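Structures incoming, each one as structure tokens.
Same chain, two partners: subunit A is paired with subunit B first, then with subunit C.
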Partner chain A sequence: MNAPLKDRQAALQGMGESRLRKEDARFIQGKGNYVDDIKMPGMLFMDIVRAPVAHARIKKINKEAALAIPGVHAVLTADDLKPLKLHWMPTLAGDVQAVLADEKVHFQMQEVAIVIADDRYIAADAVEAVVVEYDELPAVIDPFKALEQDAPILREDLAGKTEGAHGKRYHHNHIFTWDSGDKEKADAAFSAAQVTVEQKMFYQRVHPCPLETCGCVASFDPIRGELTTYITSQAPHVVRTVVSMLSGIPESKVRIISPDIGGGFGNKVGIYPGYVCAIVASIVLGRPVKWIEDRIENLSSTAFARDYHMTGELAATNEGKITGLRVNVIADHGAFDSCADPTKFPAGMFHIVSGSYDIPAAYCRVDGVYTNKAPGGVAYRCSFRVTEAVYLIERMVDVLAQKLNIDKAEIRRKNFIRKEQFPYTSAFGFEYDSGDYHTALDKVLNAVDYKGLRKEQAATRANPNSPTLMGIGLVSFTEVVGAGPSKICDILGVGMFDSCEIRVHPTGSAIARMGTITQGQGHQTTYAQIIATELGLPSEVIQVEEGDTSTAPYGLGTYGSRSTPVAGAAIALASRKIHAKAKKIAAHLLEVSENDLEWEIDRFKLKGDDSKFKTMKDIAWAAYHQPPAGMEPGLEAVHYYDPPNFTYPFGIYLCVVDIDKATGETKVRRFYALDDCGTRINPMIIDGQIHGGLTEGYAVAMGQQLTFDAQGNIQGNTLMDYFLPTAVETPKWETDFTVTPSPHHPLGAKGVAESPHVGSIPTFTSAVVDAFAHLGVTHMNMPHNAYRVWQQLQASGVTS
Partner chain B sequence: MQVKLEKQYTIATSPEAAWLVLRDVRVLASCMPGAEITEQVDSTHYKGHVKVKVGPAVAAFGGEIEILAFDEVIKSVRMMGKGADKGGSSASMDLTASIRPSSTAGQCLLLGSSDVIVNGKFAQFGGRMMTSVSDMILGQFADNFAVKASEFYAQTNPDLAHAAGANTAPKKSKAQTELNAFSILWGLIKGFFSGLVGSKK
Partner chain C sequence: MSKQIVTMTINGKKVEKAVEPRTLLIHFLREEMVLTGAHIGCETSHCGACTVDVDGKSIKSCTHLAVQCDGSEVLTVEGLADKGVLHAVQEAFYQEHGLQCGFCTPGMLVRAYRFLQDTPDPTEEQIRMGMAGNLCRCTGYQNIVKAVQSAAKKLKAQTKESVAA
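Entry: the complex of A and B
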């Protein structure tokens, strides 16, 4: 490309450029506009009375003292919502959830009553004045105990119901059984196997813990009959549909606005009782009502993630070729099944559990169970349950390697799906779009001098005076993101497409409106870059607007790394509609045939003649000024993109840890992350996303856990206990990449933000366990905090 | 949060004097810092409250005590206490306490065995400190118990008490009207550091 062309290209700041984030100017100056920044005239405040115990009957709720406090407008309980039929609500998973505890409390911190008052302080005082009498019942915390014959019945509202949203229920605390793969074929592979391994593991209950907690401002206008709600939602259109269905207000009169969102990570996908209560209160009182959770409420009651008790089995040859996989999971869903998954998949995309490996026979089964814990089960920075699946298969491959005494890089190389096998259909039926795992693995091993590391490890092990144990973790993950094809993926019946509307204005600037919503991903920056490249307009003059359901086209929102795979494709295709019309206008203006034109960066030009051209800016003016006869004026397009398949980003991660033999403190010496997310739109943003994802992965692997005592009291629901790493704890990250475009995506892009979370967690476990591998340890459950690692040091007889 | 506590304290009085404290729920309650019996419902049921102050936060547990068993001969009493706080905490305690003679003259042993369940905010935030805090609370309780028992002892045996001299003279009863978490915390900190020092042999 010659210099003038390069300059024109650079001026667009399009795809492939590390364009600085447009959002940051307002965020770093404190000029963001979050839900809690919204102030409306006459606005009231809501606070929630929550259950102090995990399982109890409500004997009596006494509101008098609270109502007597000056400034208190209302105290509402389930009985007050009953006439409106709003005391229970449907969940995204086909279950129902109590909006306010109806006669019975199912988990500690459950919503029991709400208080509406003039300000936040009066509301908090009034919450303390509401006296609730409870009759305590035995709490069931362990999902295995929940399935025992004589376990207490947790969901009396489902008594006698043997059919759930996902088939037969075989026990009163059982929610669903979901399976995938070919059980007989898998069993046969195990019968014929030369070697088999089995490993139990517990993926602990964690919480996404976004910096901004959940909340909303609901404002019902009784004159116009219109409801406007500002809300912390990753899926505002879904909220609009559900609110309309629950309230009976026509969807056209419901406006949901997600303003700036301070991180979601799955926590802001669901519809919470707090939102419903604030909306009801606004309708009842005819005034705006604000509800903002505090940190303890966020960690205790809004959606958790994981809580999978998993058993994995591999069948293999003596040489380490995997011939079969079996997986069994007991999934603790808490008191209500409010998992946020595509409706037909109660365990999400867990069946990606065969990973990056060519496994001929595989079967997995997940049983969902009710316990006296908060509901949830969201995809914490991952595509639905993919983190759990990747964790299991990566752990199992390590366990097999250990049993056969094969190096963990070697066993992966031996079992990878080969480059020429793509598109590859897995034993669970997924069609992997593209990949080149061998190249990526070699790149990482060379970059870190893997052989040298193993040599150093052998020397450390041989030295009795070494103060540390050295461990090397290796993971080769494949994700499944971009949900998804609407023939199999829907939420409450709405297909999981996404959308984009682009309007090019007469003077050559443009606005794009999207069905997704950024929560830190930088959509306003990257989406504009796609349009810049597609339409030849500078990204500086392209506005990207999201989150207002009254202006944006319908979309399913941002989670599961679906923004680039689904909405990114919608942008490209909407742009191409405009591009096609622009070409017609250019031909008209230059008085030539369309076939004589070619596209060059920002203009259509006559083939072979650089002097005859029309820029997109010229064309935009003409589209409004003098379009060709018979052509509609204007230059805009809408596209709804229904993806033909998921995308399958992958990566190779390697981690080196040194564990202090005396204290159990684990120091991450090196973390090398190679990601392949297909076409790269903004390398700087990709790096930022990977840093964030690795840090959240580090958090989960090394410290995060929501624990409960035997009575169901949640332990550690404050940031004093719940591990949120800062720059102090976070290791240094090294990033690398390969590019294997997705063949079915218009841009070849696959999505990236969640890969580092999904991939890094098993890498940390792999490294920590590797430090103990020579002592016969095959697995250690997370989190790998100093105390737990110290316990393993004691159990393994390691002395400093 | 469930904690089982087995405790034994040496009390510098006769078993008979100590029993006088243990057998009377009102007197016994007054030994518990911050506790008070407010009403006797019938021969075995009482109502009362305990006030706990942790920094700026005050929790007032109101509840009931039921005497489940009472044995003058072996000087043993078993009771069940249940209470709740408006701020969202609740607790129950199944306690068996008895007085045993000691091999040392002029002393006896106070034995306590209890099963404490705490729910709500106290269990959420204080879970890991429960055992150590309980130790401190019961330590204060035993001190107060000893003082009370000595007072009874002095009333019933004025001569003996006088003859025993200054060492066994009853300490002045500390006016503790609420459970003071500051002194508990201080006790914990002291205990932690003395533990550190002690472990370095």
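Entry: the complex of A and C
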């Protein structure tokens, strides 16, 4: 008896279904397994002594009092790591970073010494008991001052080095100059332009701040010579390679396990001194060592994002057609260049800065600079500086629209890359895979009654008694995600492919192992859906495992929206290898030629005859029981997918704000987000990702900032001060979509989780500035908190 | 450091343990009792990942000492399900996709449980306010609000049933 097709389809819970999440059962019952949940016999705790000042020489470290505390096993400093050559480590960006401050402190809260003790309380006592004497040096916080001729030399270890990892260094505090595009052509466009606009903007230093901080449990077995480390890592395989390189332990004896991860958002890509110290401590003491950051340490020392001082310029015709773009950035990387970007791209994918627009001539330049601040420059829920790029171009288009008095929807429509232009090569050389920006824009404008909103705004502006200013923000972003093609993208020389291994068991269930690692994205659910559709096996019986380098195939991990574009493609292609073998087995079982078979949901059947078929479940059994003569038994496949190109998800976001004229408080009345991520695998999860990304974008735009005083003291490094919105402040989100599949991805999927962060941030700024646009304001720097908006109300004479 | 005996009921079971007076409740639960559901996210009472229920009130266990709970009734996420049957709030978070990375979830659930005891028929605004002590970095709260609404409905229906029976 054949079940109806739609029932068979539904039974798979495959692609396109809002399948409930497989990972939830453990999380809702308190049975997740996060790094701090891991307990090992004989485990010790590590804590870190950190610098109270931003720039200083270390005169003396006195360990005696700490070592005298019962239960303290060791206190280690840079001098103790020196014989192992582990007091400095390479960064992913081609720089070096002090594992423990070596004679000099470069930022406040830098790691100076570690203590190892029986429990975390004793370790905390010991941290207090370590006495460090410092000779303070003048701190440099402002990257422009860092580049002044007589600025203090921050990195004495690099003194005299005029060549950095990315070419010439022209100043002792300069890291790199990176540029893209055609400068001459861009300059010519500006010389010939009817109109030009310029805008300076500062994208403030923020932090991804996942709810779980970073940490690890390192366990070295001196008898076997094996190192196992549980670590909150978005890229466990890369960690294994780096740990092997640093420690000299063969990669086959290093096992890195990313357990459940309590959010990453870019914070957990890098390799931090704490990890290296815990591993060293375990090797030295021969016992497992746990290190868990507290929140202050997390916000102060691991992986900030942004800190870009940007100047944008557009050249255009009087009608608003953009003819040229120039961008200049001073990038504050802090004390060490520990950006997490593909090796050849010190400013990541910043050159996506021409956005969704057909701009014939463009040039951008980024200069990286050292300051006495924490190192980093990671992609906070985005693909390598795409957030900064999208912010800049979207702001610039608004600025131009204002100058020419053209509506911001209209100017976008005028400059969009048209549907028929795809694949489209940008002035920076990116080949945009697919897009239909005009359709998406129209859909959003109709959904919100854009004309009606503009009318209402005009009426509000005309009414002197209105208690609020009304602003409408509009953004049309394009991202570049899914890094990436290994001919241009690598990390420490390893190509940025990703991988999948699938084994179908004799009774028709399956296990898939991946080189990526979920941090809330729901891979265990969605990856199984892809396999379900590809192989016709119910997703319920497909297990997905990631994060253990001893069992999973090598992959570069999960960040930069690369899981679906890269690993998702690997899943599809591994499945198709199995599918091809299954077809041969089916032909053998049915005693027909492969050409006589067709695939239907969960089975191969004889063309035109529903009664002659073999389901994938039947075939799985046969693969182990009676494979055709000459065929290897078993039903499994591995695929390493090296993408031919990036994918280019896009979206149109619109936001309406009402700003209280008296207090500067900004209320988000409406936020409408249309995303096009190509083929949609699980709409429920997509919506959830978008809600979360929009909320993180709201946090960045409206309140997040890591600030420092002139001495380099970090201000606001607890959740008391660092803005994480609660359910009360968080706006309600409206989501929508169009589907423009990627032509080069096996599933047509593009990746989605970062779009809402990337796209929403400039939308909020666009809305807030729009509220002041009639008063001549073209830009306001984030965060748009009530105080700063109130300052603008005063400056614009709205309130006195 | 000298230890002190504390006695408390945790998820219906009576326990007696010697603890250092400075031991935080969260560490006592996670490390002594191996109840690792509640998490530490901030150490300053802001994020709510460590929320447990003590004597009928939501408590941030990262800033509460174990000795303060001597004689108390403590409920953690591990105690929400009843003989293998999920509590309505657990079921609702699953059905409404009210969680992603899962780190805030145990605290959210225990808070939602208490909130709905106190406010059985909440408006959306009350839910947002009532859950504001628990931060989530993943979901944007939209589906958490839906989950609490849906759990409220289910709990009300259960109450009616039990009254009718």
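Just so it is clear, the second predicted complex is superposed on the first by the 796 of 800 C-alpha atoms of A that agree within 3 Å, B and C clash if a C-alpha of one lies under 4 Å from a C-alpha of the other, contacts with A are read in each partner's own complex, and residues count from 1 in each chain.
The rule we apply is simple: a residue touches a chain if its C-beta (ideal position, glycine included) is under 8 Å from a C-beta of that chain, and two chains touch if they have at least 3 such contacts.
The structure displayed is predicted, hence computed values, not measured ones.
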For A:Cys209 in the superposed arrangement: first (subunit B), second (subunit C), both or neither? second
So, A:Ala727: does it touch subunit B (first), subunit C (second), both, or neither? second
Which of subunit B and subunit C A:Arg50 touches, first, second, both or neither: first
Contact-wise, after the overlay, does A:Leu67 reach subunit B, subunit C, both or neither (first, second, both, neither)? neither
In the superposed arrangement, does A:Tyr34 touch subunit B (first), subunit C (second), both or neither? second
Who wins on subunit A residues touched, subunit B or subunit C? C
Return first, second, both or neither, reflecting whether A:Thr718 touches subunit B, subunit C, both chains, or no partner chain. both
If you lay the two complexes on top of each other, which residues of subunit A touch subunit B in one and subunit C in the other? 296, 718
Contacting residues of subunit C [partner subunit A, same complex]: 20, 22-23, 27, 30-31, 34-44, 46-47, 49, 76-78, 80-81, 86, 90, 93-95, 97, 99-106, 109, 127-129, 131-145
Residues of subunit B defined as touching subunit A within the complex: 1-2, 84, 86-90, 117-121, 123-125, 127-128
Note which residues of subunit A are touching subunit C in the complex, please. 20-21, 23-32, 34, 36-37, 39, 120-121, 209-213, 260-263, 265, 292, 294-296, 519-522, 684-685, 687-689, 691-696, 718-720, 724, 726-728, 730, 732-733
Subunit B partner, complex, touching residues on subunit A are 50, 52-54, 108, 128-129, 131, 134, 136, 296, 300, 709-711, 713-715, 717-718
